[in-house]
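Both complexes below contain chain A, partnered by chain B and then by chain C.
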Partner chain A sequence: MTRRLLPALLGVAVLVAIPLSIRNSFFLHVCILILMWTVLGAAWNVLGGFAGQVSFGHAALFAVGAYTTIILYLKGGLAPWWGIPLGGLAAALVSVPIGLLCFRLRGPYFALATLAVAEIVKLVALNWESVTAGSVGYLITTLPPVRLFGLEVNWEGKPPFFAAAAVLAVVALLTTGWLRNSRLGAYLVAIRENEDAAEAVGIDTVRAKVVTLALSAFLAGMGGGFYAFYFRYVDPDAVAGIGLSMEMVFIAVVGGLGTVGGPLIGAVFLTAVAELVRDRFQMGHLIFYGLFMMLVIRFMPEGIWGRVRRLTPGARTGG
Partner chain B sequence: MRKLVSSVLATIGVLVSTSALAQPIKIGAPQPMTGPDAPFGDKFKKAYTMAREEINAAGGVNGRKLEILIEDHQAKNQLAATVAEKLITEEKVLVMTGGRGSGQAIEIASVCQRLKTPYLVDHPSADMITSKGFEWVFRNNPTGSIYPMAFSDFITNYPGAMPKSAAVVYDNTLFGKTIGGAVIKILKAKNVSVVADEAYPVNTLDFKPTMTKVKATNPDVVLLVAVATTDAILLTRHAKEMGLTPRAFVGFGGGFGVADFASQLGPLAENVFSSAAWSGNPNDPKTKAFYEKFHAKYAIWPHEHEVEGYSAIYILADALKRAKLTGDLDADREAIRKALLATDMTTVFGKVKFGNWTGPLGDAYTNQNVYSPGQSVMAQWKGGQLLNVWPKAFAETALVFPEPVKK
Partner chain C sequence: MALLDVQGLTRHFGGVGAVFELSFSVNEGEILGLIGPNGAGKTTVFNLITGFVRPSKGTIRLDGQSVVGLRPHAVARRGIARTFQIVKPFPGLSVRENVTLAAFLRHPARKDAEAAATAQLTRVGLAGRVDELASQLTLMDQKRLEMAKALATRPRLLLLDEPMGGLNATEVDDASDLVRQIRASGVTVVLVEHVMKAIMRISDRVVVMNQGEKIAEGRPERVVEEPAVLAAYFGKRVA
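The block that comes next holds the complex of A and B.
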């Protein structure tokens, strides 16, 4: 128990310490990005890592969350702490019919179907102008004045966003941790390893997958809601593009598929590597980014966290 | 002891502030240096470099050299916000420019507004950038809804040009929809019936079904909007191949004005109009001299992007010259913002003066160039060359209208 409690406590301590001790706003910005990508990586990992269902369309769920949150705020005046969970909820609701349709397909067919779903969501966002503002998109110019513990929240500063991203990341990692030890988690691993066998022993595989997708969508949607408030501008290209779906896959894979800590490690490495090489090489930085990915996949197919777990003596599998 | 410490600190303070004044003035410019828009980032880099070298060779700004820090945003909104943040907080640039894509520029504008750093938009055309009341954001180039102003002027003032009906075909991006919407609004205001209103996704490979549909409506003029060059070329090719014979084809968007348009379409490009927010006034010796200079340095002829980037640096240099810089970052940025508000000059791009006014679609602009509406021109392809034809003051040649009917 202490083995798992200790790193968790350490992590929370670090999360609290960062905004209190560091005044460098760009560093905080990078930390916020890392936390946001952790949420998104974890969202993808729940479905892709545990259930083995490779989705190339998670941007669709992210987009539903982002649009829901920003529309509720701009049109309904709903504050972020309500808007973000509602964005997650909307994404989860949208994911159910998607899941019922796509989970009839397996393997590469499922992956292709998710790709199509993302494209459909993007087209809807582009063309349903009365709701989504089409290609013009939505821009938040000011956030409402809020007092918390007697202090005015400074929306121009980083700490409130850091706190929000940290809470979301902790929720995402706790959800993954809970899933790993739950009955559903066991079902998912069974499905991942052999779906026919899982069905044969009486697991309702479609139901298990749909529930997992909804969970994954909830996290991705909250990530989208956070994006809307932090970056303040939502348009179809930015939130429903294929690039975003791919980043989520990369983070989960580089960090370690089907592990709890993987998405955090993946987000730290990929964000840091991207920032460092972009700083050094203006034109060629993507080459180094790609090279880093290739090296990880070639030499650590189980991901960075997966490899670390394996090398740590006495570590249990998973984790 | 305390006295000593304070005097040492004061000395350091003086040293720091004087050295800050002797250092180059930093301008931040997020541009797409990699990814799908990389060719545009390169255009701006060349233009910025040339302007910077000229200004620095002439003694810089009040004795200080200009330094332009370009950061790659890969045409991603999220990254544009990140690099803008980095340039402002880490590199401590005094002022920002660049952006290239509208989505990225909106993020940069939003960051600049929050961090109280002036931002001069040099290319992105989305109306939203200067219609949200951002007092730290300035724009030299016209907004999307201003692009069709020359066309509007043409149909109103050229004898017999008022169309009986029109077909409007536009891409479903922000650019396409803004301009398509503005064109339709202009036509409706003049009681021209819009018989076809067609949106298409960017990089469509086959416009023949669309053009068949358009042909059935027998439009008097055909208006095409494309953000991508390939779309501009294919729209025109397929429209002509499907046998559309309107009195005029008018294209909106950069793709209708590039050399590829003529080289790929050959005779099909003849007499097609390109209505742009800027095509330069080649009758102006200063524009000519700039073209020659740019070509001599880079062996390419400058277009809209290069002219915009080059002009942006000159506008900033002018404002920096007038601003009283003290070495205090916040005060200096505010001084530059104030100086930009008082800008009244002419660049290669044209006259510039920032003001608050209402756009053609009713947008309330803040710090948008007040001369923008007059900068819209119509050009026409003649024997592989794009020549300005309207308004008359900018005309290089007589225009051909209506399009001669071929047998």
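The block that comes next holds the complex of A and C.
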């Protein structure tokens, strides 16, 4: 028990210490991005890492969350701390029919179907102007005034966003940790290992996959909601592009598929790579992502976190 | 009443008929051998009963209740378990975890499922290998693992698809004993097998199929002398 509790407490301590001690707003911005990508990597990992269902279309779920949150705020006046979970919920609802449709396919065919779904969602966002404002997109100019412990929250600074991202990242990692130890998590590993054998021993594989996709969509949708609230701008290219889907895959793979800590590690490495090269190349970070991912797959196919765990004496397999 | 009752079972794949108007029943507590030359449709019959393939026509009843149209997991829940001719373990998981996953069907709590899994692994003789990866087992042991997984779902009817294929003579004897012992514990068994020695020794009754149809049925020593069976296996001139 202490082996699990100690890193968890350490993590929370670091999360509390960062905004209190660091005044450099660029560094805080990078930390916020890392936490946001942790949530998204964890969302993808739940489905891709545990259940082995490779999705190339998670941007669709991210977009549903982002649009839900921003529309609820701009048109309904609903504050982001309600809007973000509702964005997650909307993405989870949308994911159910997508799952029932796409899970009729297996392996690469499933992956291609999810790619098509993401393109469809992007086209809908572009053309359904009465709801999504088309290619113009939505912009948040001011956030609502809030007092916390008697202090006015400063939305122009980074700390409130850091706190929100930290909460979401903790939720995402706790969800993954719960999943790993649950019966559903065991079923997903069985599905990844051999789907027919899983059915033969009484596992309802379609239900397990649909439930997992909904869970994954909830996390991705909350990530999208956070994005809308932090960047204050949502348009189809920003939230439904294929690049976004790919980055979620990269983070989960580089960190370590089917592990709890993997998405956090993957987000740290890939955000660092992206920010290091962003000065010199405008979209170049994706090239470096690709290079980095090839190196990881070649030299440590179990991912960075997976490798670290294997080298730790006494580490359980599959964690 | 028969435990399993199959009537008029038919399945076409496109224009090709794999199983045609097949009817047979299995009594509670019986070991039924399902034999026939390669391509006779035996594995397809298993796939039809367990819901992996839907029948084009016909009925399949377990204890009077139709199982046609149920997905494989639901058929397993009703109490029909199967093994696969080409073994399908969860290769990257330990032997114990493989069987625990099957035991979850009747034991929702992990601790109970693991205990049930250990009991089945002891029964099939894999107690000493529970921590090994399934992919590292020998073929014989992988076949034992298939049986342990199927048994861990606590079936009433167990369908074994060539559990002895590829085993040597001693291993065939061990496997035969195991099948008899499974029956003694109250599980009804249907056995697809090419190892005739085993079929003759352990089945109470056999059903012979050829090209998707039933050509004979009865006690094993009688059936192998029927001209239609000899013709199916060796050609008309021998018969």
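Following the convention adopted for this analysis, the second predicted complex is superposed on the first by the 305 of 319 C-alpha atoms of A that agree within 3 Å, B and C clash if a C-alpha of one lies under 4 Å from a C-alpha of the other, contacts with A are read in each partner's own complex, and residues count from 1 in each chain.
Just so we're on the same page, a residue touches a chain if its C-beta (ideal position, glycine included) is under 8 Å from a C-beta of that chain, and two chains touch if they have at least 3 such contacts.
Small disclaimer: the values here were computed from a predicted structure and weren't measured.
Visitor: Is A:Gly77 touching the first partner chain B, the second partner chain C, both, or neither of them?
Guide: neither
Visitor: Residues of chain A touched: more by chain B or chain C?
Guide: Counting contacted residues of chain A, the larger count belongs to B.
Visitor: Is A:Ala198 contacted by the first partner chain B, the second partner chain C, both or neither?
Guide: second
Visitor: Taking the superposition on A as described, I'd like to know which of chain B and chain C A:Pro145 touches: first, second, both or neither.
Guide: Neither: A:Pro145 stays clear of chain B and chain C.
Visitor: Between chain B (first) and chain C (second), which does A:Tyr187 come into contact with in this model arrangement: first, second, both, or neither?
Guide: second
Visitor: Contact-wise, after the overlay, does A:Pro108 reach chain B, chain C, both or neither (first, second, both, neither)?
Guide: Touch partners of A:Pro108: none, neither chain B nor chain C.
Visitor: Check chain A for residues that touch chain B in one structure and chain C in the other, and list them.
Guide: none
Visitor: In the complex of these two chains, what residues of chain C are touching chain A?
Guide: Where chain C meets chain A, its residues are 50, 52, 71-74, 76-77, 81-82, 84, 88-93, 97, 100-102, 104-105, 108, 110, 149-150, 152-153.
Visitor: With touch defined as at the start, can you tell me which chain A residues reach chain B in the complex?
Guide: On the chain A side, the touching residues are 24-26, 29-30, 33, 126-127, 134-137, 139, 141, 156, 227, 231-233, 235, 237-238, 243, 278, 282-283, 285-286.
Visitor: Using the touch definition from the top, list the residues of chain A that touch chain C in their complex.
Guide: Counting only chain A, the residues touching chain C are 183, 186-187, 189-190, 193-194, 196-206, 318.
Visitor: Along chain B, where are the residues that touch chain A in the complex?
Guide: 33-35, 70-72, 74, 76-78, 81-82, 85-86, 89-90, 103, 106-107, 110, 113-115, 126, 128, 132-134, 172-174, 176-178, 199
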